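Pasting the structures in now, so scroll down.
Two complexes follow with chain A in common, the first pairing it with chain B and the second with chain C.
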Partner chain A sequence: MSIASYVFLAPYLVLMVVFGVMPGLYALYLSFTSRTGNGSFVAFQNFTKVLGDFRFMPAVQHVSLYLLFWLVALVVLVTFFALVVHGLGSRHLRTGLRLVYYLPGALAGASSVMLWLFVLDPTASPVSILIKAMGMASFVNVIVPSHLPVIFAIIAFWTGAGGWIVIMYGALNNISTEVMEAARIDGAGSLRLAWHIQIPMIRKWISYMAIISIAAGVQLFVEPQLLSQASNAIVPNDYSLNQLAYLYAFKQNDFHGSAAISILLLFVALSLSAIFVTRGGLFDKD
Partner chain B sequence: MRGIIGVVLIVSVLFFGIPLVWLVLATTKTAHALSVDNPFSFGTFHDFQTNWDQLFSFQNGAVATWVKNSTVYAVGALILTLVASVPAGYALALTEFRLRKPILVSTLVLMLIPNTALVLPVFLELNVVHLIGNPLSVILPMSFFPFGVYLTYIYFSTSIPRELLEAARIDGASEFAIFRRIGLPLAAPVVALVGFFSFVGNWNNFFLPFVMLPRSSGYPIQVGLTSLLASTPAFNPSSAGAQSIQLPTLALATVISVLPVLVVFLFSQRFLVRGMTAGGVKE
Partner chain C sequence: MHGTRNLQFTPRLRKAALGGVGVLTLAVLVAGCTSGNTSTTTSTSSGPATTQATDAPITVWVDADRAAAADAYKAAFPNDPITVETYDGGANGSGTFRTKMQLFDTAGSGWPDVVFSTQNNDASWASQGSNGNKPFAAVLNTGAIPDATISGFAKGALDPCTVDGKVYCLRNDLAQVVLWYNKTLMDQFGYTVPTTWEEYQALGEKVAKEHPGYIVGTQGDTFTSEIYMWSSKCEANHITGATSVTVKTDSTECKRMASLLDDLRTAGSSPNIGVFTPEFVSTYAGKVLMMPGPIWYSGAIFNNPSSLNVPAGQMAVAAPLPWKGEDAVTGDVGGATWFISSHSANPALAAKFVEFVTTNDAYQVDLAPGYPAFAAAADKWVAKQNSSGYYATPLDQAVAAGSLIWSGWGSGVFSQEAIWGKTMTTGVADGKTLVQLLPDWQKAIADQAQVDGYTVK
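Up next, the complex of A and B:
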């Protein structure tokens, strides 16, 4: 009986080993060995090298700042819009709004960045009046380095928030009507209802969103990569950590340094994920 | 209070809606009209045709190749994902074996890791076996989709009663026969669900093909967009020349690059909720 189970699992397990486990182990091996001397063990040399790289700390700052803006926007606004839309009287309005929020999610990756290049370029932008009113006359004024974390946060929010609003909405639907009714009879208004009942009941989902978003945000790549290309390198091509890892592999031919950065990023993602799976409570049904 | 909420909702609709509407309208204009006309006016069908022709004549029809590549990669990986994850989710949900728990936990942990995190490690690995530039270097890594296994696992454990399988086992049916006669026929809804997430993720994947497929002939459309961007003088002044791309043409390329996913999205909102809340729904 258990042999059959392993046969069912075999294709998936092969993929897991080859594309989930082995790449991680191989990168780990590379990160602790050196290019010269036939892969001799060099302890933490690759790590000290990339950590000491003058581009590393700025990239950490860029990514952290972007994450901060994005997370705050997500947690506050997604929860807010899910609650507001959920509380609307008209069913058509509820459905329509969710669709409007959700559709931009179809433009993930390069496509959404491309769209926002247009929106941010005052010569073509549909909101050029707004951009010019903020004192920015050209694309170059818009993408100055200090604006970038906010710009990336807006792009990521525009693309991803809708999916989360729909999910939170679903989670709000799962709260039993009896609980809500009981609270209303006790005289709770919408605000108190939201604060004391709805938000605590969907807290697991909010933390799920936060964890997934941190894990994904640390990997920032396509947004600065395209913006760098579109701006003739006014936005540097080593803006984020993944870009730096890419440069190590492709421009410097230093796979060991690239592996070291990848391992650091993978470590962040793995820790967040493992903590959430074991402590988050979202998956304990087994 | 109601007034404020009304205003906030209107602003939110404008924020999420304007860029999309504008993008579609932009494809019907000339570059000049795009910068001087009302942003929300419709151009002409003639200009749409001109933009279309310019886009598809770019580098001798490269755009058509990129769309075809995207389709091959996304559908190829989708098929492999289904072949791997349906039986795997079934086995995790409805059979007993020693490594069940560890496999389940690894699946959960791996599914929460963003797929970009493994791109460079997978590149380093596939570089050793000289697969870089081969379509398999994107199809195979995309086929590893733990979230799909998780979804099928949840689906089978909530929709097929174990007693049904016990009855079949007592009748002497083999595990494979049971899977074929009971598991597979009931799998249709979860196949659609996994298919949706897999297709959307594969189609929109940028980093993996960007790293694995260095030649233009192998690009998917998402990576091809960067080539178009590099040939757009409005963003890259050094690119002015015979092969240059105007802004409305770039807008058209963006629309085409998302069209399949947009269509899938329009019909799939309920999928998303069902898929993502699967973990939180009490049995």
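Up next, the complex of A and C:
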């Protein structure tokens, strides 16, 4: 049995070391060395350089706003939808809805953004009446900078939420029927049941979702990058931190600056995750 | 994911899963080995750029449209060893050309011998070695390409390729800005073609009142700055050296054009919409009275079934507009380039190829969609267009405009188009005017230039 578990773990460990740990260590090395002078140690020089870049703080604001909208929507709505589906009487309806929720997630990241390019363009959109009713006559009006965090949050929610709803549904299934029955006998309705029994019991799953989503969210890249190309640069190509790291590496040929941004991102994602791990009790034993 | 369902592992399933994992691990290992092998082979085959041979094969990078140029060369010289690879041509500021060359610099091998780029600002980086590497672009005017060929290009055509007197690329085509107009509509409305920007503005206001819905131009594209601000001698992009730029957007030259555009946008005859959007085609097909824009608008917009699709015999070209009392100058939107690698093992063949595709009638006159940068080919190209019967008047004004491109707007490493898009187009969409936004534009250009290592004055 223990051999089998190692065999199962091995591919993951190999891939993680090759594509996760080693590039991470290499980035750490790059971020503290200089490109001139054969990689000599320069302490925090690369970090002060990227922090002083005029594009850095705006990118931090963009990503933070996006994370805020997205995480709140994710935590609130995913939990809500999972509870609703779980509470449905008809088994067929439950299965059908889970499939519908999950479907958008089957599209790969880039192709779902392509789809949204059409949805957001009032001349091509199936919901153009709605967009025009909000006072936006053309694509340029839709993608003005102040709308972008919400737009990216909607796209990300649309692609990612379905998978999480299915997982939350599974977590709800795991709550023992005895507990639920006992609460019902004590006179708890659906609302009190959800608030006092179900949500506390799937708390770990909610924080798990938050951690994974934060890690993915701070790396925002595909959505603004594609929107930037599709809008002929009206959406800036330096909108997010990951795009900035990309520009450093491949436009300015400065891999050290790029590595510094990556390390900063890693640090932020780890710190935020630490909060959820401790607060969400993810590693507590039951 | 244990929460979803309790999947019971039967012995058979377990065995199958274990087998799958084993296969996967093996696949990963094999993939790792293979990729390792390939990279070694490449580095030995094309690594030492110092050994040059007259029979060494060359690799040519073109975009999809320019595959025709490579085909024309192959038809003319079927025995020359040439491998053609297609890439995106660096279009829309994707920067693929630069990105890939930097990766090859890091790897120390792999550079293609000839590269076509849709952008005209690549000489700014290709002429400079980064991180102590040899510059990618070979110098072409010191023997690689005959002087007679170099001097045969239209006046100013090689300016974007020239850094400190050295020519690093040859232009494929020119993209001079002219005044396009629909002669049939102009005659129908009883208007005369304007000869100054002041007259243009007055006519734009008049059209908005007398024939609402018809337009005299657009300003929603990222290259709006190159059509209008460049033509107005606005000093927003004066590249004065390899790493120095002068940016001055508070001049009269900038303000007068910004104010003209604001005025016509408010009037409704110059919308903040890009010409490549579906919205433009659906709203303004048949409604374009005039349109300042590059020469390639003909094939890209007017004579294009999937764009405006203006019938033959209507569109005509007028001379670029001057401001009253000044001489006319014009802008330039793109105009592609050909580069030869300084690492090439067979520079003679690379030079022969580039000379052919930029000057030979077999491509530039017979096949090329754009206005050739090589003067002799351009004359024949214009003659061919005139005889096609599409244009309402001969294209002579387009030829004249080719030598009017103002030299005070340069080709820096940063994209003026990207800067215009994210500061000006979005600012206007947010309800501000271009005149109000000029200081923001100044700051955005200066910031970006500094990031790219320029000294800004």
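Everything that follows uses one rule, which is that the second predicted complex is superposed on the first by the 249 of 286 C-alpha atoms of A that agree within 3 Å, B and C clash if a C-alpha of one lies under 4 Å from a C-alpha of the other, contacts with A are read in each partner's own complex, and residues count from 1 in each chain.
Operating definition for what follows: contacts are C-beta pairs under 8 Å (C-beta built on N, C-alpha and C of every residue); 3 or more make two chains touch, one makes a residue touch a chain.
Predicted model, so just to flag it, every value in this text is computed and none were measured.
Q: Is A:Phe54 touching anything from chain B or chain C once the two structures are fitted on A? First, second, both or neither.
A: Once the two structures are laid over each other on A, A:Phe54 reaches chain C alone.
Q: When the two structures are overlaid on chain A, which partner does A:Val140 contact: first (chain B), second (chain C), both, or neither?
A: Second partner only.
Q: Which partner chains sit in contact with A:Ala82 here, chain B, chain C, both or neither? Use first/second/both/neither.
A: A:Ala82 contacts neither chain B nor chain C.
Q: Of the partners chain B and chain C, which touch A:Ile151 in the superposed model: first, second, both, neither?
A: neither
Q: Where does A:Leu120 make contact in the superposed view: on chain B (first), on chain C (second), on both, or on neither?
A: In the superposition, A:Leu120 contacts neither chain B nor chain C.
Q: Report for A:Ile234: first if it touches chain B alone, second if chain C alone, otherwise both or neither.
A: Only chain C is touched by A:Ile234; chain B is not.
Q: On chain A, which partner touches more residues: chain B or chain C?
A: Touching more of chain A: B.
Q: With both complexes overlaid on chain A, does A:Leu97 touch chain B (first), chain C (second), both or neither?
A: In the superposition, A:Leu97 contacts chain B only.
Q: According to the stated criteria, A:Gly162 is in contact with first (chain B), second (chain C), both, or neither; which is it?
A: A:Gly162: touches chain B, not chain C.
Q: Let me test your reading of the model: by the given contact rule, A:Phe19 touches which partner, first (chain B), second (chain C), both or neither?
A: In the superposition, A:Phe19 contacts chain B only.
Q: Please report the chain A residues shared by its interface with chain B and its interface with chain C.
A: Touching chain B in the first complex and chain C in the second, residues 4, 7-8, 11, 15, 18, 121, 123-124, 139, 166-167, 169-171, 174, 205, 229, 231-232 of chain A appear in both lists.
Q: Could you list, by residue number, the parts of chain B that touch chain A in their complex?
A: Chain B residues touching chain A: 5, 8-9, 12-13, 15-20, 22-23, 26, 34-35, 39-40, 80, 83-85, 87-88, 90-92, 95-98, 100-101, 103-110, 112-114, 116-118, 120-125, 127-128, 140-141, 143-144, 146, 149, 174-176, 179, 200, 204-207, 210-211, 222-223, 225-226, 229-230, 234-238, 247, 250-251, 253-254, 257-258, 261-262, 264-266, 269, 272-273, 276-277, 279-283.
Q: Inside the complex, what are the residues of chain A that reach chain C?
A: My answer: residues 4, 7-8, 10-11, 14-15, 18, 35-36, 53-55, 121-124, 138-141, 143-146, 166-167, 169-171, 173-174, 205, 229, 231-237, 250-253.
Q: Spell out the residues on chain C that touch chain A in their complex, using ranges where they run on.
A: 1, 3-5, 14, 17-18, 21-22, 24-25, 28, 32, 92-95, 98-99, 102, 105, 130-132, 220-222, 272-274, 276-279, 282, 415, 417-418, 421-422, 425-426, 429-430, 447, 451-452
Q: Looking at the complex, which residues from chain A come into contact with chain B?
A: 1-2, 4-9, 11-13, 15-16, 18-20, 22-24, 26-27, 30, 81, 84-85, 97-111, 114-119, 121, 123-128, 139, 158, 161-163, 166-167, 169-171, 174, 204-205, 211-212, 215-216, 218-219, 221-222, 225-226, 229-232, 242, 245-246, 249, 255, 258-259, 261-262, 265-266, 269-270, 272-274, 276-277, 282-283, 285-286
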